[in-house]
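Note that the chains take the letters A, B, C, D, E and F in the order they are written out, and that residue 1 is the start of every chain.
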Amino acid sequence: MSDTKRFLYVNRKAPHGTVYALESLEVVLIGAAFEQDVSLAFLDDGVFQLVKKQVTTGIGVKNFAPTYRALGDYDVKKLYVERESLAERGLTEDDLMEVTHENDDEEDVSSIEIVDRARMAQIMAAQDVVLSF
Amino acid sequence: MSTLHTVNKSPYERGSLDSCLAHALPGDAVLLIEDAVVGARAGSTRVAEALKAAMPGCTIHVLGPDLAARGIPADAVVEGVSVVDYGGFVDLAATHDKSQAWL
Amino acid sequence: MKFAVVVNEGPYTHQASDTAYQFTKAALEKGHEIYRVFFYHDGVNNATRLTVPPQDERNVQKNWSELAEKNALDMVVCIAAAQRRGILDEGEAKRHGKGEGSANIAPGFRISGLGQLIEAGIQADRLVVFGD
Amino acid sequence: MSDTKRFLYVNRKAPHGTVYALESLEVVLIGAAFEQDVSLAFLDDGVFQLVKKQVTTGIGVKNFAPTYRALGDYDVKKLYVERESLAERGLTEDDLMEVTHENDDEEDVSSIEIVDRARMAQIMAAQDVVLSF
Amino acid sequence: MSTLHTVNKSPYERGSLDSCLAHALPGDAVLLIEDAVVGARAGSTRVAEALKAAMPGCTIHVLGPDLAARGIPADAVVEGVSVVDYGGFVDLAATHDKSQAWL
Amino acid sequence: MKFAVVVNEGPYTHQASDTAYQFTKAALEKGHEIYRVFFYHDGVNNATRLTVPPQDERNVQKNWSELAEKNALDMVVCIAAAQRRGILDEGEAKRHGKGEGSANIAPGFRISGLGQLIEAGIQADRLVVFGD
């Protein structure tokens, strides 16, 4: 087996009420150094992690949401967000923050791809290692 | 004997808000805190409909600092839901005879 | 008015302890009395003096300890729950042979029995529970 | 205010997967010494706590279910179980363990009362202190 | 690329089983463990129907020791669901290409 | 076959650690290799030597420590998660000025970085996650 595996980080939980979103992101950042094929899946309440304009000063907790926007610098470029999960929660793509990376032509392109549930299932199926938090 | 009910989990993932609303009585207050505030976002969702149906029997409140942390503007909540701060949470607890947490 | 506050989850993993802290602070600012803060289940983990959170994050244990010092709060950690999770004061550490210096309870917390929870429910005008 | 208050312990969680059912029971046992007016409510997944013939040897965990049957000895006599919660989970009263106490005529009578949701709401409303775990 | 999906929370309180079943593909296995085993009890419940609908696309399994702890006899599970022990759990993890926990 | 096991919750409050332990034991009995057990989030709390569970209850920490000793298991506690929750080895306790005897890590566990989790995912044939 080659040393490169497909790693998927599955995010199904809302941010701030529990630490899972934050500590999951910490794994992604560390994992980026290992040069694997990394994808992030956001479905169910995990889609709330990417909602823009999160302001956490009122709850006295550090806001880690800006870190998602830095993922491109770590060569983490594939963030899949499930369309059905958004819709059920009254959200649209416009409610999500911008996460971009530089493509081969040095243009900033979006790292977020909205996918339907069937495609999300295919993405999950194609992985070697699935980390859920 | 009025009650302040608190709900702290997302109603999209857990049954606690549904169960709370099924047991709250007229004159009670329901306060959404922590991850439960995602249910207060206005829109044509199942949860928004459930909250509307529960009013005006109960009053529905949502914790502002938790709303802000989830990126939901205070004016984007379901109509009739009041936004309170921690002091308002204390007031709700004081002005109702007891509080019940739906954990 | 006299409030009792119950904290059922530990620091960082769940927001419960943060919310309870903000609630307690707000109640004190409004002139209410906090009869007791009772830590149960994983809530006992708020009382360890050994946490070292990142510098740019809040320090949940320190928040509680400082609030207690400033307001003479009675912060009680359930002994049975604490034993299951490894939170010990000097006496407990010695009694269970855990070795010199093992006590890990933070300033402002005291270990006592579940009766303190019931008594808080009886004595306080309102009891508010924070958990998972 | 008199020193006797109505205490309600609300059980909404399944046993064994988390410690809440066990540690809630520990509070009830300690609380019994305080001679308050004590009731226990079992609704939602909390009804699974009272299912009979729980055998925990296989998961390596202590079985505390027999303790419910001892509640009568602690003068804890009112266990309210929600009918709708049972039905939704495919359970009937026959699936529950027997919990009894001695009445004034020294007869063993059931401590469990199956109540519908509307009555459960009334029972909750009538309390002074509600402890949820 | 087959997957072993594990679900550990009661499907009566949380959405994780529903979400798992909505993403599992033909040839995958779903294993109910811990509190999720309450969903395997036979009967005319919403959850039993969902499990039946998921088979035979997926195989459905339930952890026996957890079943016993919840007072559910091994012969009282939804038809077609197989009861396994911890060794069987290991076998399922070994015979599928990867495992995915629905936490 | 080579397995990696991830434990995301602490002892007693959630069954996750018990299930992971039973799974690990069963895998070893079947002749599989356990490449590593990685403790993350509240899972780090499994590694405290200070728990004193009731005598008629299982001892989760001891279960893990004994399994590790018997099978030379590599049990790694995430350093970042451990610092947030107050699990320290000698070096960490000294580095953060927590005082003589404060180290509370139990036998068989070692503290290391998150890279150990990724590496386990790369090296093991299967990775199984247990959590809340």
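The definition used in the following text is that a residue touches a chain if its C-beta (ideal position, glycine included) is under 8 Å from a C-beta of that chain, and two chains touch if they have at least 3 such contacts.
Since this is a predicted model, take the numbers as computed values, not measurements.
Chains that touch both chain B and chain C: A, D. Annotation, chain C versus chain F: rotation angle of 180 degrees from the Cα superposition, expressed as a multiple of 5. Summarising the inter-chain layout, the chain whose CA centre lies farthest from the centre of chain D is A.
Of all chains, the one whose CA centroid is most distant from that of chain B is F. Taking the options D-F, A-C or A-F in turn, the interface that duplicates C-D in more than half of its contact pairs by residue number is A-F.
We define each chain's centre as the mean of its Cα atoms; on that basis chain D and chain F are separated by 34 Å.
If you average the Cα atoms of chain A and of chain F, the two centres end up 27 Å apart. For chain F, residues that reach two or more other chains under the stated contact definition are 8, 12-13, 15, 19, 22, 41, 54, 57, 80, 84, 127, 129, 131.
Residues of chain B found to touch two or more other chains are 8, 12-13, 15-16, 34-35, 65, 85, 98-99, 101, 103. Residues of chain A found to touch two or more other chains are 12-13, 16-20, 44, 59, 61, 129-130, 132-133. Chain pairs recorded as touching, per the definition above, are A-B, A-C, A-E, A-F, B-C, B-D, B-E, C-D, C-F, D-E, D-F, E-F. Within the complex, the chain F residues that touch chain D are 12-15, 18-19, 21-22, 54, 56-58, 63. Interface residues of chain F facing chain A in the complex, by the touch rule stated above, are 6, 8, 40-41, 80-81, 84, 113-115, 117-119, 121-122, 127, 129, 131.
Interface residues of chain B facing chain D in the complex, by the touch rule stated above, are 1, 3, 15-16, 19, 22-25, 28, 97-103. Contact residues on chain B toward chain A in their complex (touch as defined above): 8-10, 12-13, 34-35, 38, 41-46, 48, 64-66, 68-73, 85. Interface residues of chain F, counted against chain E in their complex, comprise 1, 3, 8, 15-16, 19, 22-23, 25-27, 29-30, 32, 126-132.
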